[in-house]
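Both of the next two complexes hold chain A, though its partner changes from chain B to chain C.
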Partner chain A sequence: MDFLTPALDGFGVVFEPQNLLYCLIGVTLGMLVGVLPGLGPAATIAILLPVTYTLEPASAIILLAGIFYGAQYGGTVTSVLLRLPGEASTVVTAIDGYEMARTGRAGSALGIAAIGSFIGGTVGIVGLTVAAPLVAGWALAFGPPEYAALALLGILMISTLSTGSLRRSLLAGSIGLLLATVGRDPLLGSARYTFGSDQLADGLDFVILAMGLFGIGEILHSLERLRQGAPPEPRVGRARPSRAEFLQSRWAIARGTVVGFLLGILPGGGATMSSMVAYTVEKRSSRTPERFGKGAIEGVAGPEAANNTAATSSFIPLLTLGIPANATMAVMFGALLLAGVTPGPQMIDEHPEVFWGVIDSMYIGNLFLIILSMPLIGLFVRVLRVRASVLAPLTVLITMIGVYTIRSSMFDMLAVVVLGVVGYLMKKVGLPPGPLVLAFVLGNLLETDFRRSMRMFDGDVTGFLGRPVSATLLAFVVVFAVAVPLLSLRKKLRQPAPPDTTTTLERTPDHPRTAAEPGGPSEERQHPG
Partner chain B sequence: MFQARLRQGRHLAGAAVCAAALLTLTSCGGVQGGGGSGEAAENYPTKTVEWTVPSDPGGSTDLISRAAAKALEDPLGQSVVVENKPGANGAVGGKEVLGRKPDGYSLVMLSQSLMSIGPHTVVDDDPIKMSDMDVISGLTVEDYVLVVPAKSDIETLDDLLAKKSVKYGTTGAGTGSELAQALLFGDAGVKAGGIPFDGGAPTVTALLGSQVDVGAVHVAEAAPHLTSEKLRPLAVFAKERIDFLPDVPTAVESGHDVVVDQRRWVAGPAGLPDNVVSELRAAVKKAFKDPEYGKFLENNYIGRWEASPDAVVKQVETAKKRYGELIDEFGLDLKTEG
Partner chain C sequence: MRTQARLGALVPLGIGALAALAAVSMGLGSPADPGPGLWPLIVSLTMVTLSASLLLNPGADTEQEPFSRQTAVVALGALSLVAYTLLIERVGFEVMTVLLLVLWMRGFGRDSWRLSLAVAVAACAASYLLFIVALGVSLPHLVAF
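And then the complex of A and B:
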């Protein structure tokens, strides 16, 4: 066990008093940044870069890494309490988390998210410690054809992401795919649907879309309820999950951890994809899928464990291959370079104190996070006691500040208001925003990588089948889109659907309907071609 | 974040003092935005200078800006705050800053790819023109290196150009990486298809995974993988061999007259008062001597290009013309799907 010696030496670096302090500052700052929507970890780390000039390389990276995984948890807080997902990876948390908050279980949702994040994060670090060099090469097998197939698979999963009817989910998803085409053509650079405006040249920003449709849209909707004299929001409830709730979520956390670890290693949107996949896995494997979208605790636990694990495992390609897996890692890459450390295969030999110091600091950082967050949950949920007439304008203000910090643009602030109205109208006509936002994220990936693949294959679509990984993923697509619906259709014909006590007239569980419409998903499949 | 807030506080205090002083002479409007160019320019700089990076945090433009801005603070005697305004290869941030009042408090980092390559590869009805800006100084030059995965059977540039068909990775539409390779394969008459990725890092990833046969990236982006022998260099697109890779031939040596690099400079809106320009130029010259800035460039294999404003303008115009001629000569069309 020779490799463990430097790993243990790394703890020596972490336990130096100033490094413990930087770790604590990092995770605290990260949590705050995560709570403020819009201001993401990438921007914060970039702002802090000059400050780290004067620090030892290990201290600098410990501080910055703390911001990164701290923000993963902070983002959950606004998703659950205000339905404001600040990061793509917390969109699915907003679905069930917000429903839990509305029924007085905000504390449980935040608590299970913290516990799931801690477990997922810690397992992720163990994986990072033991298996980093082994699994790093796996990410390289993922080229454009694999990403295209993965995105296609992800878009099919959208059907499971909402409580509305499948038809409406698909409609919302299609709008998302269309919105994704706004902006420069990713391969040629020519403008599409920009109406000659430079502001739209890079398309709509994900955060603006999510905060407009979810955040502002939800605020407008709740103001309407307020005017109609609807009963006030339910009481805050307990500040942490009960034992029963934990037992209910433990397998969700375990599954989310595995999904997050594997997908987090992939460059490009690993955390987002993993939270989505984790949600789908939970809904599919649940015996009571109709609870999802109405405050199922597994729908919070699984994705939260997944996105935190993914945040950790996304360090693997950076530290072992010198490949930044996402925007935040790209800034981290820059920070390492500034500190005179070149991330890559040689880093572990040349700078073991930085390599292991950073990894080991994550154990401590995760511990700090859970110690900090559990008592803070009680404070956070008290936000719900604030009167809507005070909370709503305050939320709008925070959102606006957050949006402005993304790229200091007035246009973006206008865009978020317009999208907020759109989100409100969608809610009125019963179109779910979740599928739209996620199709938007995946649509970019699907289009770009599909076209890259076609160039690689000289326009021959069968090229996808000639590569083992993309062929396997496409096989899953076929199973998802054709076989599963057919099978459950047969099952449904044989026995009538079980009576569902929670069903109301407006909210029909979508699962049986998924079964009844095998044509839906496969239509979607043809969209990119 | 905290530092920025502190700085702002200091700036507010400074502004208050100035306001009191100016109140007796003129209206206090002069303090807010720099006011009339004459008076405000005389004691330039009196407040924080904003340095806009027209791209995302983390890329070369961002890192160079942050290193340069930090080195500039001492000689200028004011804080220099870096702000990211990404979009459209730099056109969004560039246009915005160049449309502001020319008072020396708004600067922007611009690049040769936007001004010299973009017009040939990207359709834009309202591009930034050199006449929109007053250049302060050239800053850096980065070279492109042509690399293949170490596992590849391609050992030399001749091996590559002897292939029947080639799939090459580029760092995006309208980049030097795309242009250099399109020109090389066009000159050699090789059937080649370009696959654009979103910048240097994803291109390197694709190369490491052998998703493409060959690709061109900045030396800094390839360097760690050249050292660990995961990637093999075939040629550089510089005029002469570069210090970091003395054994790697230039494309010119191999008989293909393709010289493409990325140059960056800092500029303000056209019409800067003369004393502001000279103040900034003097400060930038001192900043170039800053040891930390020097170390940063060295660590990242970034060359110095500390050219005068006239030299910057000349370089951009020459490069634009030259690239246009080459594109026409080889009958390339980089504006449509090929």
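And then the complex of A and C:
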């Protein structure tokens, strides 16, 4: 247990007054953006990247991480009170949470969500503390073929497991890979796709890409709905569940924690998918499934525990392998690079203060959240009444000035606007920006390691199969390239089939429908108005 | 909706095809010693394949959102950001910020003049204090201390 000493030293970093403050600011901001529908944690973190330039690396990441897990708390509030999920990861909470609120149990729903989130989050951090050094130690032996296979698996999994269409996600991912090749060849130095521009010679800047696609893209998208009025103010009551309600939901919390931890580690998993799977698990394991959708407290407790645990455990692949598991982690990857820290197995030794500081800050952040979330619920509900027409211009202002602060460059500002338009159009035509950003982050790693591997293997692609770890990872690639499309095809066939898929009907083998099928409860998902 | 699905496939198809051609001219090298163009070629061919497949069979049209009259507001919004960028170094950030916020709030959001001006001036002052005074960012500004 010799990893415990540096792990405890990390608390020294967290308890520095300014870091406690950044942690508090982070979780409060996170709860706030969680409450606001539209602006997600990925966009917020992207927008705030320039602000963190001036901070110490550990402080910057503590702040940004707080936004991420804080948002999971905040999203719950609007799901329960207004059936208006602030975050995608709290969509399923709206199903039973809102029903509970309608029957005067809003306080119980919010209370159990907060307790479930706290338990899930804390167990997730303990898991992170124990697992991260082990994974990092194991990954030190990885060579180029292993990293190439891992990056490929990551891109493929985020595309197959995200909620949208598989081919569109993969297309978005390949656009990201292409954008990553702009600039100098990483091994030979010759210019690629720079069109003779000096600005493009160093490649596209990740911060600009993330701020454009996520930040400006989201804001432009919200301009379409600017004139809608604010929702009515709901009543909350006592934000505390009774003892009986806690006893009723304790196993739901336990199951949600396990589901969230496992799915959070998987690339492409993360908070949204784990909350949906946790809801399915609860409904299926319940002796009275008919209560679900009518205000079952387990339907709130399970998914809420799951999304917080997943938010925590998705830090494992980022901090130990340097592979971000979802779009928000991709932005976090960019933040670490900005701070001069390369995420990967060497990080735990080279930057222990950042590594352990961030992990330990989550214990404190979770405490802040459970203490703050109950009294602040009333305030957050009032924040919702701030109109989108005020919020959108303020966010856009912060983004534009933020971009300028990076290099005082007008080219950067124009690039952000152009990428924002691209992000908006991608939403319109159904291409998800998430896989693009993730693939962009992994693109350089994937290309460099692929080419190094090809040199190692003397041009023989089968060399990847000769190494146990890369062969195993590639076996997973095959599983996800074949099995998941088949499963999603089967899901499609369960719904009324559109006429042009009838030809594929006869060829589909019969798969047992597992409880962990992604997007299981989608037919009963309730979208915000 | 169909048009949008097509557009979302046609544009990447075109870009992918052009990128593939450019990749070949960069030099592909050999499998044992890949040149600068080999990886971009693999990626752009993947793009071409996926977009061609989407073009031929767009699948269920659930993810596209139709363009509406509000789309014009988005276009204006993007243009206003371009104008903000081009003029900020000439006019200074105070004027441009107030103009931008008033346009977005009064013009796009149909808020009252009073609220729009109040928020615009307050936000301008707040960002001045945050970015120029507190963080020491070299934003082009008119008012100096």
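The rule we apply is simple: the second predicted complex is superposed on the first by the 269 of 529 C-alpha atoms of A that agree within 3 Å, B and C clash if a C-alpha of one lies under 4 Å from a C-alpha of the other, contacts with A are read in each partner's own complex, and residues count from 1 in each chain.
In this section, a contact is a pair of C-beta atoms (placed from the backbone, for glycine too) under 8 Å apart; a residue touches a chain by one contact, two chains touch by 3 or more.
The model shown is predicted, which means the values in this text are computed figures rather than measured ones.
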Check: After superposition on the shared chain, which partner residues are touched by A:Ile323: those of chain B (first), chain C (second), both, or neither?
Finding: first
Notebook entry, point to check: Who does A:Leu140 touch here: chain B (first), chain C (second), both, or neither?
Noted result: first
Checklist line | Touching partner for A:Ser408 - first (chain B), second (chain C), both, neither | finding: both
Next item on the list: Figure out whether A:Asp458 sits in contact with chain B (first) or chain C (second), or with both, or with neither.
Entry: both
Check: Regarding the shared-chain residue A:Gln18, is it in contact with chain B (first), chain C (second), both, or neither?
Finding: neither
Next item on the list: Would you sort A:Thr5 into first (chain B), second (chain C), both or neither based on which partner it touches?
Entry: neither
Margin query: Once chain A of both complexes is superposed, is A:Ser190 in touch with chain B (first), chain C (second), both, or neither?
Written below: both
Notebook entry, point to check: What is the contact status of A:Thr472 with respect to chain B (first) and chain C (second): first, second, both, or neither?
Noted result: neither
Notebook entry, point to check: Touching A:Glu447, do we find chain B (first), chain C (second), both, or neither?
Noted result: second
Check: Which chain A residues are contacted by chain C in one complex and by chain B in the other?
Finding: 51, 185, 188, 190, 408, 455, 458
Check: So in the complex, which bits of chain B are touching chain A?
Finding: 1, 3-4, 56-59, 62-63, 66-67, 70, 83-89, 91-92, 95, 121-126, 165, 167, 172-174, 193-198, 201-202, 204-206, 208-209, 211-212, 220, 223-225, 227-228, 230, 292, 295-296, 299-300, 335-337
Check: Tell me, which parts of chain A touch chain B in their complex?
Finding: 29, 42-51, 53, 139-144, 184-191, 196, 198-199, 201-202, 267-268, 317, 321-324, 327, 330-331, 333-334, 337-338, 340, 342-346, 407-409, 448, 452, 455-456, 458
Item checked: chain C to chain A touching residues, read off their complex -> 4-5, 7-9, 12, 15-16, 19, 22, 26, 30-40, 43-44, 46-47, 50-51, 53-54, 57, 59-60, 63-65, 67-68, 70-71, 73-74, 77-78, 81-82, 84-86, 88-89, 93, 97, 100-101, 104-105, 108-111, 115, 119, 123, 127, 131, 135, 137-139
Item checked: Sites on chain A touched by chain C in the complex -> 51, 54, 164-165, 167-168, 170-171, 174-175, 177-178, 181, 185, 188, 190, 192-193, 216, 219-221, 223-227, 387-390, 392-394, 396-398, 400-401, 404-405, 408, 410, 413-414, 417, 420-421, 424, 426-431, 447, 450-451, 454-455, 458-461, 492, 498, 500
